[in-house]
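As written, the chain order gives the labels A, B, C and D, with residue 1 at the start of each chain.
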Amino acid sequence: MGTSVTTPTPLKEGSTFEPKITAFVCNWCTYAGADLTGTSRIRYQPNVRVIRFPCTGRIDFMLILKAFAHGSDGVIVSGCHPNDCHYTTGNYLARRRWIVFRDVLEFTGIDLRRLTFAWVSAAEGAKWAELVDEVTDRVRALGPYREYQALASAGIE
Amino acid sequence: MDFLRQEALAVDTVSPDASDIVAFHRAFLGSIERHGRLFELGTVLGYKLRTGHLLQDAALAPSMIRRGKLGALPHRTDRQAAAGIFARVRALKEPGK
Amino acid sequence: MSRIGVFVCHCGENIAGTVDCAVVAEAARSLRGVVHSVDYKYMCSDPGQKLLKEAIRDKNLDGVVVAACSPRMHEPTFRAAAEEAGLNAYQCEMANLREHCSWVHAKGEATTAKAIDLVRIQVEKVKRNAPLRPIRVPVARTALVLGGGIAGIQAALDIANAGNQVILVERSPSIGGHMSQLSETFPTLDCSQCILTPRMVEVARHPQITLYTYAELERLDGFIGNFKATIRKRARKVDEKICNGCGVCTQKCPVKKIPDEFNEGLSMRRAIYVPFPQAVPNRPVIDTANCTFFKSGKCRACEKLCTAKAIRFDQQDEVVTREVGAVVLATGFRTMGTNQFPEYGYGRYPDLIDGLKFERLASASGPTSGAIKRPSDGKIPETVVFIACAGSRDEQKGVSYCSKICCMYTAKHAMLYRHKVHGGKAYVFYMDVRAAGKNYDEFVRRAVEEDGVKYLRGRVSRVYPDKGQLVVKGVDTLLGGEPLEIRADMVVLATAVQAQHGSEELAQKLHVAYDKYRFFAEAHPKLRPVETNTAGIFLAGACQSPRDIPESVAQASGAAAKVCGLFSRPELAREPIVAVVDRQPPPVFSHCVGCFLCRSACPYQAIEEEAIRTRNGEIIRTVAHVNAGLCQGCGTCVATCRTKAIDLQGFTNEQVFAEVVAI
Amino acid sequence: MRLGYYPGCSLLGSSRDFGESVEAVAGALGVELFEVPRWNCCGASSAHAMDRLLALALPATVLATAARANLGEVLAPCASCYHRLVVAQHEIAGSPELKRKVEQVIDIPMGPPVRVLNILEFLERCADRIASKVKQPFAHTVACYYGCLLVRPSKIVAFDRSEDPVSMDRLVVQVGGKTVEWSSKTECCGAALSIPRTPVVGRLGAKIVGDAVAANAEAIVVACPMCHSNLDMRRVSIEEALGRKVSIPVLFITQVVGLALGLPPRALGLERHFVEVKLPAEAAMRASAAS
């Protein structure tokens, strides 16, 4: 997969740090919610890049590590609220996986402040904007995630 | 409501009908500014002087005194502190003066 | 080597206003594998689509990225266009430059940079897209209608009259819903039951409608065209087929003091009862919670008196499953109780009633035969105060939305009261009068001008009892804002319309989205008002938001039209977004190791076992296999698989990892 | 139990009876009250009506002083003081800018938030102690009158139900009494208009007292010095407005609890009332309840 084009975190001399945030979202709730944010013209910071999945249950946690390795300074995983999953139980599995994975990540030294799990429904356009702004501000304060990127490029990945 | 009341005071358009209410509030605050705590007898006297309602409640005072509900002297507390607050609020409002 | 085309849409000024589309197209051109990149004012327009099609043919493209609005909006449009030009529809992806970029960020470099990133992500994905074919599935031409109020009745009749089968499920013992409780209807003042009962009878007689009353949906499985509905028919304890509806049992039952739901507790019913005389089906039901026999094992009066021998004390609930192709949700509304208002006495004053109780008082078939008598002592009230917006438009104490029907029914109530009690005084406290609708405002004007109803613009702060009357403390904000007190004999609250009890559970059963007030959510507030986000499930009436009768009927017909459209096709194309388990040539056969963790993750029981055998039938290995008919494409199995042997078409590991790397 | 204590001006003056009964009950329950050092007036309705900043700064000083004295919780028996303290705390917590301005005016830092308790919250908290110490059940039927300031605005004070509060009724029942259902629980008594608009206070009080009498209450129970003085001290104006004499006494909730705990009436300040506190004998009440 090394053939792809990637842009490094833009950090020119003298310029302020702008984090790169990757959001993994489900198609039915959060993607639709983010569409509603657009339809409602609610502004938020442009640092987030959304990747659409059918369900949070589809989100493999290797993807999160991959995102960090390839220059993301923060990651959001968001789907339907408990009980509202389009596929009945996908978000429960995601949640269960998250609980386990969280401990593993913490053990391996991943900075958990850079990883946010949230529920945003299709009706919560404003919440999506708040979430993105909150995560962006937090990650901006934390600075670029050089540690993991360095590890990854050293071949640990 | 509060805002409208306070604005009316600030631009001096209080209805003359309410003048005695304002007089009461002024007497009340004056008492706090002077003593730090409310001095009830003083407040009432101040109010009467401001409004001219000299005889209002005249019958009440003796029975209050008899029941120990009307002190003749203000309580002692940190007077400077309260006076300072009043002064600083005033200064904030009228920076020129 | 890929041959990708990128098409950047300006969407007029919607995207071009904040994103420099030319720069995006230019940047896309330099991406590896991109052989064609242009920007255009409206990609979804005819010339825009033509541009796309021509490029596919001329440049021999094997994948396209349309950078425009949300794929939830126009993905079908561009996929169809790509298909017409000879490209597989699933070789077309969309980058969401509008909802996720131009509409939510300020004009500037960062926004354009984001747009370029979004395009690059999709380019990397589409390079790895495989051509897919839609899965064809047959459509079961039976509709399930949930709720037997006017919306459900209308939808059922429309669908059935078009030649389809309908199963109508109603929770209470009779269809008719709230409309059957109403006295007269605005703005014409025609009798509600007179116009409703013919429809109810038509439902009962219709050869293509199966009516399940006193029944509820237990679960719904499957997908559009192929749902499987499990319905619980609660035991009436009366054999519907044998019973002839003579009603002797309902007159002789010794338990007489049960508040009558249909009359909103203004009268009493028996333990065996027919909800109201025009009920459909006109068959009694035993209220087992109150029946002496079910409480103490004695009585059986109804059984002894039934000439048809239709009483079945041992009848059990019956669970039936039916294949249905579409579902119409018409579960209606409820109104907020008067006990929600502490300032109006928490529902403790008998003469402070809600609108539905007033309907029953005013109804010719009601407990007072249409005479307005107050509940406490049966006295004819000389002064009645109506309070509109009780709980509506009041985020602090109720709901933030307007309940929509109250302005009209309050005007109607005041008018009916003035017609029935000539010397009576009627006051209405209101916030605004919202009478938008054909002949609606005229109706309210009539209440004010001809019938002398006093409208007071202001809120009521308190109602309290005093010497047999209710004192209403309010304010008239138009006449000087003076507080005023009215001594009333009766007070009617127009309480807020709320989502029906159990809406949330039902929505979760059906995977239908709902809002914070538990009204079901439409797929698009303007353009898809009768559809839900779940394909094949439609909405009618007040289960979506407060509605009056004409609107409910119109929406029900709209939903019925959608169902009929769906049923007009013999089969349905389903998205080929399903999971597949990898297969390899021998000696590997598959990367699947047969751990079947995927099976425990699958919400649809779509994972089956498949034995790989030698030529003489010996089992070499047992691996997983996905039943594409059951798989809904959530992909949970993919993330669960330890060996990456299972993958989701359209969202393959290769695709999504490429997307992530492209960021 | 150790608690900060902000008596406020009224409890030292025109409502000495309230102050005395609060202290007597606290003593009987074994609660130590620590007065906020050198406290000043909260500004009451007058500051509130005249100047927003002053109306926040005066109670803020009290809160800041309490925080500095390490008093994490402060009992403010006077409903008006309670209201001013809670509102000030809420507004200052909601706006860093306002906080800066107030600190500039009061000249001391706000310190950590102080939890302000009203008298009903305090007594509810002592419910177990009260239950174990009741000596003479308060066997009377009363109307609990909450007034405006204890339960409103509900979002800020977050105490009881704003339109139909029940906490005082529960306390009365707990010490052996009965309460009536009546409609003037949270009506206004006229409060600070007592002096500049005495007839208004008379009219408002007439409604409250009239309702309580109509509901067959033997007494009105209050938890606010203003309510008390307007219903008790202003009884003459009330009777003028009603056009008849009414002898229903007005008790503070602390006096009710104190009587049940067996404290002498004098220690509870009962003899300071304008309307004589004469309650029908228990037997009479029982007889009427039985009939």
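Definition applied: a residue touches a chain if its C-beta (ideal position, glycine included) is under 8 Å from a C-beta of that chain, and two chains touch if they have at least 3 such contacts.
These figures come from a predicted structure and were not determined experimentally.
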Comparison of C-D and B-D by number of C-beta pairs in contact, larger one: B-D
Inter-centroid spacing, subunit D versus subunit C (mean Cα positions, whole Å): 50
Computed distance of Cα centres, subunit D from subunit B, in Å: 22
Rounded Å distance between subunit B and subunit C, as computed from the means of their C-alpha atoms: 61
Contacting chain pairs - touch in the sense defined above: A-C, B-D, C-D
Subunit D-touching residues of subunit B, taken from the complex the two chains share: 2-3, 5-6, 9, 20-26, 28-29, 32, 36-38, 40, 44, 47, 51, 56-57, 60, 63-64, 67-71, 75, 77-78, 81-82, 84-86, 88-89, 92-93
Complex interface listing, subunit A residues touching subunit C: 1, 3-7, 18, 20, 22, 27-29, 31-32, 34-35, 37-39, 41-47, 49-55, 57-61, 63, 66-67, 70-72, 83-90, 93-94, 97, 121-123, 129
Partner subunit B, residues of subunit D touching it in the complex: 9-10, 12-17, 38-41, 43-54, 57-58, 61, 101, 104-107, 192-193, 195-198, 233, 271-274
Complex interface listing, subunit D residues touching subunit C: 155, 161-164, 181, 183-184, 214
Interfacial residue positions of subunit C with respect to subunit A in the complex: 31-32, 70-73, 96, 98-101, 103-106, 110-111, 113-114, 117-118, 120-121, 124, 507-508, 511, 513, 515-516, 521, 533-534, 577, 601, 603-604, 632-636, 638-640, 648, 651, 653, 656-663
